[in-house]
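Chain IDs A, B, C, D, E and F follow the sequence of writing; residue 1 opens each chain.
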Amino acid sequence: MSDILTMCKIVLSSLRKKTACQMYPVKPAKFYKNSRGHIALEPAKCILCTLCAKRCPTGAIEVDRTKGVWQINRFKCILCNECVHSCRPVALSMENQYAAPSANKDIETHNVEIKKPAAKPVAPGESAENS
Amino acid sequence: MDWVTFLILFPLIPAVLLLFTKKNYEAQKWIVLISSILIIIGSIGLAVEQIGHTGGFRYISSHFTNNLVMLGDVIVALVFLYICRSLPLKKYWIPLMVVIQYGLVLYYDFAGKMPEMNRYIFLDNLAVIMALVIGIVGCLIAVYTVGYMKKYHEHHHEIPDRSHLFIATVFLFFFAMYGLVFSNSITWIYFFWEITTLCSFIMISYSKTEEAMNNAFRAVWMLLIGGLAFAMGIIYAANVCNTIDLQLLLASKKSLVLVPILFLCFAGMNKAAQYPFGGWLLGAMVAPTPSSALLHSSTMVKAGVYLVLRCSPILQDTDAGAIIALIGGLSFLAGSALAISQRNAKKVLAYSTIANLGLIILCAGIGTPFTLSAALLLIIFHAVAKALMFISVGSVDNATGSQDIEDMYGLCYNMHRMGIIMIIGISGMFLAPFGMLISKMAVIQALALRNPIFPPIVIFGGSLMLFFWTKWMGYLIAITDKKPVEYHKDIGIEWIGLWGLAGLTIISVVFYPYIGKLWIVPMYGECPLFSEGVQLTILLMLVMMILPPLTIVARRRNVVFTKPYLAGVNVEEKGEYLGSLGASRSWSFRNYYIEKYFSEKKLLNATILSSLILWILMFVMENVMS
Amino acid sequence: MDINVCNGECNVMSVIIAVIIFLILAPLVGGLISGADRIITARMQSRVGPPVLQPFYDVLKLFGKQNLVVNKYHGDYVLCFLIFTILSGCIFFGGGNLLLAIFALIVANVFIVLAAYCSNSPYALIGADRELLQMLSAEPMLLLTAVALFQVTGSFNVSEIIKTNRMPFIYLPGVFIALTYILTIKLRKSPFDLSTSHHGHQELVKGLTTEFAGPSLAYFEIAHWYETVFMLGLVYLFFANVPILGVLVVIGVYFIEILIDNVNARFKWELMLKSAWLATLILGVGNLFLLYILSF
Amino acid sequence: MFEQQEIINITKEELLSRVTPLFKDEYRLVQICCTRLDKLIVDYTFDKDYKFLGLRIELPLEGSELPSITDVYFAAFAYENELHDLFGIKVIGNKIDFGGKFYRINEKTPFNKKQEA
Amino acid sequence: MANRTIIPFGPQHPVLPEPIHLDLVLEDEKVVEAIPNVGFVHRGLELLCQKKSFQDMVLVAERICGICSLIHGVGFVQGIEKVMNLEVPERALFLRVFWGELSRIHSHILWLGLAADAIGFESLFMHSWRVREMVLDIFEETTGGRVIFDAVKVGGVRKDISKETFTRIMKQLDKVEEEYKQIAEVFIKDFTIIHRWSNVGVLSKENAAKLGAVGPTLRASGIKSDTRMLKYGAYEKIDFEPIVEHTCDCYARSLVRVKEVYQSFDIIRQCYNKISEGEIETKVTGFPTGEFFSRVEQPRGEVIYYVKGNGTKFLDRFRVRTPTFANIPPLLQMLAGCDLADVPAIIISIDPCISCTER
Amino acid sequence: MGFFKKSPWVLHYDGSSCNGCDIEVLAALMPKYDIERFGIINTGNPKHADVFLITGSVNSQNIDVIKNLYEQMGEPKVVVAVGACACTGHFFAECYNTLGGIDKVIPVDVYAPGCAARPEVIIDAVVKGLAVLEEKKKNKQK
């Protein structure tokens, strides 16, 4: 009852068939609608409410509402989506493309315009990335 | 004076002198050194003189010497009986065996029933090669013995120091061996034959412990069976063939002399510890190591194969010869397999001795010129390398107090010189291009065209040997983390024996073609082994062996030292690892012994049984046919 | 059939040329074979696999690595392994004595075992004993092959074996099959990659080669290429009188080896030893017996 | 749908005499667990044919001891080592006692520390 | 002892996917003694319940281990739901079963691959994982993660699967099953597989029960026990029988898993047929008070979550007893007397997952 | 010498991870991602490895193991921290027995984010690591 032909069949037929390889990075990675890649901020929508930072279980997000700075440490983020759910103005979204590896753990910083009328505008209107 | 007479008689002088050197180490040393040099000169002189000759009767001896031999027989018989005095009554059959065989032989002798003969000494190249082995290897061992016995008694205070007796026995043994190889009369051979048995007994029982005595008596009774067969062979030859001249016997018609020759072969194989009689050789390992080196591997047991080799012209192309070859092959296989499960160095050597002797017997049984040449090579190389192995084990034992191979882990590291010597010895035993392997190659080539049974036997046995020798060798060269312990200071005069034999192991490889051309070819004819192509390749290999050590000198840069991989939990300083329960633990490694397949318990009985069956088969067959 | 006495008639020049060609070509061929092996293996596993030249990249990289050693000596045994493997190939392809070539290969093998013993690492040591078991399993058949070829062609010299006008395979099918069985052991392929394996997933980590790093490992790899070429040369001898067929068979046999590699888990040593010896006894020795009986 | 869970409070002296019949009755030891409240609560959980049975022992926070049940349930050795390493409960007679080196953590009894305010 | 080979096995060792250490004492290649050493993955995450709210603890629970992370979540969440008396919508329960069984498939195929690898069967390893990737695709499509899913939450699940997607996935699964069938055949029939696994690492029925084995390890020793028979969640509405083998060796343990994969395919089909439209979560108000031992069946066997709430958002105690923890004593018993070559096969045969054992 | 880029052999070690990243490392070897295309072999032996892939947040016991393995790797070598755990420890950094990140123990050359880090990220990280390896090699030769 024991044989080795079953395996031979599999092996030989794979020899004939196309490989199962997706050929990344020659071909781009394939994602699904739901794929959790990285958290993206739309600075224009953010109201610096800090809710996301409070909800984040890992402390990946830091928001400084006085300076108008929204920061994320991608190397801490576990892609749990909690921040996205907590963001009322829908400034956050989960993008499919994963965050890139890097030689140092840069914290990604976005300058956000402080929308409260009381505060005087400090930061330039557009967001800058430095990573 | 003739070299032959000199070689036979001279050893008696130091033997007697040594009896008076109790506890006088210096005297022992000088007597042994001087007489060894003389004996070596004698052997070489004889060999040189023999170049160009094939063989012939050297002497027509007077009846006086023959009568001396008869007297000697009586004395030996009495000594045997004297030894047996301490035996319990229920072992009555040991003295009985002595009485029967000597009774028969002496009865024939004194009653004048022995056929007349007058060519007592025969000298040919076979005897010369034996003489060379006895002389050179034997004397190196003898020198070694002096130093060894001194240290032996430093470590074993419980044993009374009778080392002078021991060394005297060594020279008595030389006397017997030379006599044996040069004699043409089978009664003479028988006389010397039994003296070697006696020497063996004295040496095995040396320590007088219970185990030693038991093993010594086991050796005696087993060897006496051979003696009995020998005696029967003599009687048969005298009665039926009407001659006790060995050369005459060998020249007679095959069918006529086959039975007495078979008896002689039986005796020879018994002495060569072939199965079913392998047991005594294992027991003999309790003797001080030099006796194992001398008697139980390089010379006395060779007397057994020598006899079979002598008889091989009769055996060639007979069924009996094939069966003898088969028994040799069986011993070869069994010995090699049994050695795998052993961890006592001397036992490994003993089993491998049985195995190699088996191989020689196999060659002798086949009896073609090519196999006989191979057999002679085997005798030479085996004697040198095996003697070297034994005495180095002896020295290691003296230095470290253990014969266990497991305790030799990292020996090269602790005792550099000893380690190198042992490695040379082991290489000599199985590694290309050293002697034993050349011979084995010769055997395979020689057997290849004969039939499909024998080459596989040699091949399988050889592979088994490879296994235990390599693992032993690996153990020697391992390098431990521990600080080396320097043991060398203990070793003195033994170095002569050790380096001498080590040198011989290597030199014999370089010069074997000359040995072949000068002494073997005249006797057995051309053999492809001595061709230039093979010789060149072998030399090339030898050179390559030396090459890597040279690269060591050249290439020492760029290496970075690390610790061995221990799954990531090294404890750096100690060479240990962090084990379970959070404690630092040292790892250890023990060789494989595969007792499941190769244990003594499983293999021995089967081997003994099958060899017995083969013997019985052979005798029945011959008797039915004749 | 008379005993073959070396008659010294072969041309020294041609021997030297053959040896030089072997020295240069064998590692190239061996490396390419191993590269092709990896690609075919990958395809069998539904993967794409590395480039054909990957083995060369690997070896060149290894030479650029730090030479980590456990002690002063252990690297040198690996070098000996390489030297003797090459030597055995030289004897073989120089047309020399087949037995001698095999013995040289055995010596090479002994050296690799010694290298492992020397390295003072438990995994390497166990690997060494396993390698010994592998040798114990494979050696008899190798030598028997030489004997069998001798019985058919009347010579142990490769130079004469290839001049034979009958095809050894026809007389020695059993020996041939047993040899291919043993080949798997010698090529260290699954199911017989007990002492060390090409991939890291083994109970002994890397077994024998655990402690070889950088250049030492590179020597080991190169020696393995030479060894592969030698073994395939041995296979070729069975068809020596029809060279094209010989080459095709060699390719076929290697493909079968790859297939076997991919459809088997690793054997335990007991099964290896038993099956290898049985193959040797039944197919190898049995074949010789038949030959012996039929020649009457 | 949730299963019914029966938990019996016992004392540590009773433990062995309670556990032994369970073993004879072919109950399986499911787990041993400890909880730190104002005292230590040790739960022994058993199961037979999906029927849950718990034994509960209350112990003081510090210096508590428990008899080992490894004589009955050998498999308890791991849990008992855990009790020792994480909660500082001394288990007497554990068949495989790692002596505080089960997890080999740096902190002592991390699960049984004075709660910071 | 000096006569025996003693080697450290792990923590770093190529056949061990995770760090665990054994002092192996050998004679030739026979294992005489094996002393385990754990703690290389002990993170102490149970104490995180004092720092993370009970809702965030779901995320922690799913990261106890990346192989059957979802079922960890389910176990924990069920405990909280019982303590808080939450009524979870039926659709959510079915989705949990769907993903749970899919986890089992992925986990078992992963195991089959690793087990093949442990005996040096590399190409089978590759092919098993090739099939497993198809399952992961379904996971990624439905939850967004390949191995960590973050799909369950207290009171329900986070993601829904639309009707069309579900139907398509079912078709995809048929294909997966077809591919799986081929490799399953190998695991059942192959010569070397049988050589390496049958009569290796035998755990008798008696010992399995006594030593408290769980999951496939227990079932392969002839004991019919499967925590899913408690009929928690939607299992109430699903028909199945635990799979049992009687040869008690590594081969049996593999066979149980091979067959359980088929069973899981079947359960998923039942799910698909029985699931109804509706809400996927209930609103959670208040904080947990009370205690519960929540038991669920993971691919590796029974896992237990003990939760004890005190009316705040932090739990008093969060405790996991994972299947591997229960299988370690039987493992030690299986190891005694085996060959060195069998050690990896036997260790893998209980499907050890050290990360959740040590937490 | 450009061969490092073509033949990076990796060593993988689980430094207290949840397995999620480890199985993704393995998955990268498997048919779908097949990193052997780049000559990558999972050696399992530090002495043969060029790239050290570590997952997990490193607990106190693993410190010595990781250091030991790192030391046994021959130069040049690259360390890749795989997953959020290995980069920072994310919430496990708050546990009493973890260090929170590989870089607390040995120098890390490349960080690969994600929980779990996808095989694609791992491939990118190794490729990035190779650039670093090349750099190191050059610096050494100078």
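Simple rule for what comes next: contacts are C-beta pairs under 8 Å (C-beta built on N, C-alpha and C of every residue); 3 or more make two chains touch, one makes a residue touch a chain.
Quick caveat, the model's predicted, so the values are computed rather than measured.
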Problem - Common touching chains of chain E and chain A - result: C, F
Exercise for the section: Taking all protein C-alpha atoms shown, work out their mean, then name the chain whose own C-alpha mean is nearest to it. Expected result: C
Problem - Farthest-lying chain, centroid of Cα atoms versus that of chain B - result: A
Completion exercise
Whole-Å distance, C-alpha centre of chain E to that of chain F, is 26
Problem - Centre-to-centre distance between chain E and chain B (centres being mean Cα positions), rounded to whole Å - result: 65
Handout entry: Intercentroid distance (Cα basis), chain E paired with chain D, Å
Key = 24
Exercise for the section: Can you check how far apart chain A and chain B are, centre to centre, with Cα atoms defining each centre and the answer in Å? Expected result: 80
Problem - Multi-partner residues of chain C (at least 2 other chains) - result: 42, 44-48, 66-68, 122-123, 126, 199-202, 205, 210-211, 213, 262-264
Practice task
Indicate the residues of chain A shared as contacts by at least two other chains.
Solution key: 4, 7, 11, 14, 19-21, 57, 78-79
Practice task
Note the residues in chain D that touch 2 or more other chains, in rising order.
Solution key: 103-105, 110
Fill in the blank from the handout: Interface with chain B, chain F side, in the complex: residues 13, 45-47, 64-66, 68-69, 71-72, 74
Handout entry: Residue numbers on chain E that touch chain C, as the complex places them
Key = 5-8, 13-15, 29, 116-127, 130, 190-193, 195-196, 339-344
Exercise for the section: Name, in rising order, each residue of chain E that touches chain B in their complex. Expected result: 2-13, 21-23, 27-29, 35-37
Exercise for the section: Over in the complex, which chain F residues touch chain A? Could you list them? Expected result: 31-34, 37, 80, 84, 87-88, 90-91, 109-115, 118-121, 123-125, 127-128, 132
Practice task
Spell out the residues on chain B that touch chain F in their complex, using ranges where they run on.
Solution key: 560, 562-563, 565, 568-570, 578
